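I've put the structures underneath this note.
Paired with chain B in one complex and with chain C in the other, chain A is shared by the two complexes that follow.
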Partner chain A sequence: MSKVFAVALGVLTAIGGFVDIGDLVTNAQVGSRFGLSLAWATVVGVVGICVFAEMSGRVAAVSGRATFDLVRERLGPRVGMLNLLSSMLITLLTYTAEIGGVALALQLVASVHELLVVPVVAVLVWLVLWRAKFSIIENVFGVLGLALVVFAVAVWKLGPDYGALLHQAVGAHKPDDEHWRTFAYYAVALFGAAMTPYEVFFFSSGGVEEHWSPEDLGTMRANVLIGFPLGGALSLAIAASTWLVLGPLEISVDTLGQVGLPVAAALGKVGLAVAILGFVAATFGAACETGLSVAYSIAQYFGAQWGKYVRPKEAAFFHLVLALSTLLALAVLMTTVDPIVITEISVVFSAVALPLTYFPILVVANDPDYMGEYANGRLANALGVVFLGVIAVAATAAIPLLIWTRMGQ
Partner chain B sequence: MNAGRRSGASRGLHLLVCAAGLALLTACAPQAPDDSSWRDQAHQSLEDVGSNVSTMSLVLRLAQKGRMFGKYQQVVALNSETNAGRTTDHFSGEQPPPQADSTYHDVTTVLSDASDLLSDVRIALVRRDSSQYAGLARELAGMTARLSKAESAVRR
Partner chain C sequence: MTREMPNKLEGTIDGALELLDRQLLDVEGRMLGKVDDVELTQTDAGLTITALLTGQVALLHRLGGSLGSNLVTGYVQLRPSEKNRTRPWRLVIGDVERLDSALHLRVHREESLRRDVETFRLGALTGMNVLEPAGRRAGSVLDARFAPGAGGRLVLRALVVGEGHPGGLLGYDRRPNMGPWFVRRIVGWLHRNTSAVDVEHVQILWNNREVRLVSPLREIRREALRR
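Presenting the complex of A and B:
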């Protein structure tokens, strides 16, 4: 029974924890302009994150060590440093965006300027990361993030023509008034949002925190293979709801407040309250995950004691990195930069950093010295190589498309 | 040899000072795009402000039906007003090509009118002055039509 409960809880937290500020904003922006015609990019991204999250989870369960720890050892300090710098910078950017996202979500109920909310949020996130248990951070926010299911309910309540939606999704029909370059830019952004590097680092380091062993591989795979795709379905529900309500009015999404409007239109105040709860939980949970991921990656690379399973005194370097990265994120946000712009930049640059993040994971998961009988099989390797190809294309196209489309205009 | 190096270094320094001076001078001047990119920017500005006007219309409609919290509608309304104002200010600061003076006047007028209307709607929403909602909704619909017309004119 406890095994079933563990699997169910893991799947629920994976669903609720899948959506962060990047997914919220990008899916709403894409939905209002392109409907479900870019659903394929989300699907490809979800399959990709499943492939690499399964690999990194397996590495953690079999070796008892986390990704950066092994990447440095297996590929040497130079490649390890490249891997660390690229993914850590993106994760730091995402951390900043998530803290800003929590402030924007709270602003929707408090109606106070976000700059007054940001310091409070930063302190709260830091306190939670310092004091709360790992299981609380992972489970509470993950389960509360399920409130975003309200977007799927809103789609159902709006009573769309499901055949037309399916046709749009399957046919990948670009709306006539949009350029192909913008279509491609948002495909890369959706892919980057689904495959953000921190998800893999948090997942594998979390596995070490929870003392996974090869016996936990089944639970881990259920979390990845059921939880992440359902989280992806939640992303598609957000896109569908904005297409149905904001699309006909030609509203382009620039603020978090606009993301909740379809829910208000379909379900009124109660639905809107649930959506705001989902915004806060999803962004707060992701802020904790990204903050931890920054500290995990740096501490693991330098071989310092890390994790929530040891007392802060024993992992002083890890907690120092946590505090400093929170301060840095706070300092960036206090310059009045728009958190939505940080989010948009972070999802595109996430696509740029993907090859440096995922290639080492494929190498380590293939190494029989670490993995023994659990090394990648043919299917995992074939999928890994195919996705590295897709990742390389997305990474190469990301910055030219960003400049060419002036960030998707 | 040393004198030659010094003269090279001095030339480099002069070039750097000139470049910095030029950069400062051009930074003070307004952006002067060519006709095609100016029209693109005009179109984009009209689209952006149109999106904010439509957002405000939706918020007003949902407020009339009592489907939103006061604070939420206040924040969304304020964001729309701020974004539209920013777009209007940015576009007004662009130097139009000489042949587009009349279009510049038409576009900046409609953008400015839209920004003023969004301020009026925000004031009514914050005051919860529901007696004004129906009239403002009609004005917003009219503004959407004006913005669309201006978009078509810019594209011509």
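Presenting the complex of A and C:
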């Protein structure tokens, strides 16, 4: 019974935890302009994250070592340091975007100026990271994030022509008024949003936090292979509902409020309230995950004690990094920069950084010394290599497309 | 439990692949650093691994090239007065239990690394509790008085013992007639029981962080606090 419960809870958490500010904003932006014609990019991204999250989770369960621990071992201190710097720059950017996202979501309710909400949110996030148990952080926000299912309900309530939607998705039929280069730019952005590197930092470190062993591989795989695709379905529901409501009106999405508009239009006040609850939970949960990922990775590079499974004073370096990165994120947000812009930048640069993270994971998952009989099989390796190619293309194209399209204008 | 792996220290290993950059875990499984470098010593048998090195200096050296040496120089310049700063922390190989996906030590992380010899510190002496021979608390060490001994080096002569009231380091209890009068009276009253106890009447128990009086405080001829 407890096994079933553990699997169910893990799946629910993975669904809610999959969607963060990057997925919310990017899917709504894409939905309003391209409908479901970019659904393939989300699907590819979801398959990719499943492949590599499964590998990193398996490595953590079998060897007890988390991602950045191994990145340094396999790349050496020099390249490892470069990798650490760039990965952490992007994860910090994502952390900033998530904290800003919580503030924007709360602002929708409180109508207090964002700059007054941001410090409160930053302190709350830091308190949760310092005091709360790992299982609370992982499960409570993940499960509350399921409130975003309201977007799927909204699609159903809007009663669209499902045949037309499916046709658009399967054929990748770009609307005629959009250019191919913006189409490609948003494909890369969706890919980056779905495969954000912090997800594997968090997932593998979480495995060590929860003392996974090879016996837990079944549960882990269920979480990844059921939870993430359902999270991807939630992303598609956001895109679809935005297309149905905002598409005909030619409204483009620049605020978090606009992301919630389709739900308000389809389900009214109560629906909107549920959506906002989902926004707060999803972004707050993701803020915790990204903040932890920064501290996990830096501590893992230096070998310092990390983790929520020991008391804070046992892992002082780890908690210092948590506090400092929260402070840094707060400082950036207090410059009045728009969190939505930070989000857009963070998903594109995530795409750039993808190979740095995923290549070492693929290598270690094949190491017979560490993995023994749990090393990658043919399927995992075939998928891993194919996705490494896809990742390389996305990473190379990201910045040129960013400049060429002037951030998707 | 993670997958059981053989102890690699009992077989042939490739140092860079299997030892360098591996996580260090102490006897309780707590993390204490990475294997940033490995110390080799020439013995009769040949070059032998005698210790593991960890810490910033060892790591920065391994970044290599001009970047590595520049960073080491910079790291030293941050605190030029610290002579041993270029010397990394050392972990003797005898403290290593096994090597698998991490390096497991047989000691606690608090006692695993050595750089300089352990010495006594003034900062530890001040603040220690002072106990009567019977065990009752007589006060705490507020200060330590040194005087030049043979060879001109300063030697501990007495401990200033009193209740730890505020104002002990303002100087009113040591210097005569320091003004203003009002402050002198208040601080003087707060420290009316403070006195200097000659070092021959005390026994410093460093491990217990306490000072024991050889005879009761009342019977000791106390030196004048003022000099």
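Rule of thumb we're sticking to: the second predicted complex is superposed on the first by the 409 of 409 C-alpha atoms of A that agree within 3 Å, B and C clash if a C-alpha of one lies under 4 Å from a C-alpha of the other, contacts with A are read in each partner's own complex, and residues count from 1 in each chain.
One rule holds for everything that comes next: a contact is a pair of C-beta atoms (placed from the backbone, for glycine too) under 8 Å apart; a residue touches a chain by one contact, two chains touch by 3 or more.
As the structure is a prediction and not an experimental result, all values here were calculated from the model.
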Examine A:R72 and indicate which partner it touches, taking first as chain B and second as chain C; both and neither are also allowed. second
Please indicate which partner A:A110 is in contact with in the superposed arrangement: first for chain B, second for chain C, both, or neither. first
Please work out whether A:Y370 is in contact with chain B alone, chain C alone, both, or neither, and reply first, second, both or neither. second
Looking at A:I342, would you say it contacts chain B, chain C, both, or neither? Reply first, second, both or neither. neither
Just to be sure I read the superposition right, which of the two partners does A:F302 touch: chain B = first, chain C = second, or both, or neither? second
Which superposed partner A:A41 touches (first chain B, second chain C, both, neither): neither
Looking at A:L249 after the superposition, I want to know if it touches chain B, chain C, both of them or none. Which is it: first, second, both, neither? first
Doubly contacted chain A residues - partners chain C and chain B: none
The chain A residues in contact with chain C across the complex are 61-65, 69, 72-73, 76-78, 80-81, 213-214, 299, 301-306, 310, 314, 369-372, 374
State the interface residues of chain A toward chain B in the complex, per the touch definition above. 107-111, 245-246, 249-252, 254-255, 257-258, 260-261, 264-265, 268-269, 272-273, 276, 409
Given the complex, residues on chain C that touch chain A span 1-3, 5, 18, 20-24, 30-34, 36, 54, 59, 62-64, 67, 101-102
Within their complex, chain B touches chain A through residues 44, 47-48, 50-51, 54-55, 57-59, 62, 65-69, 71-72, 74-76, 79-80, 83
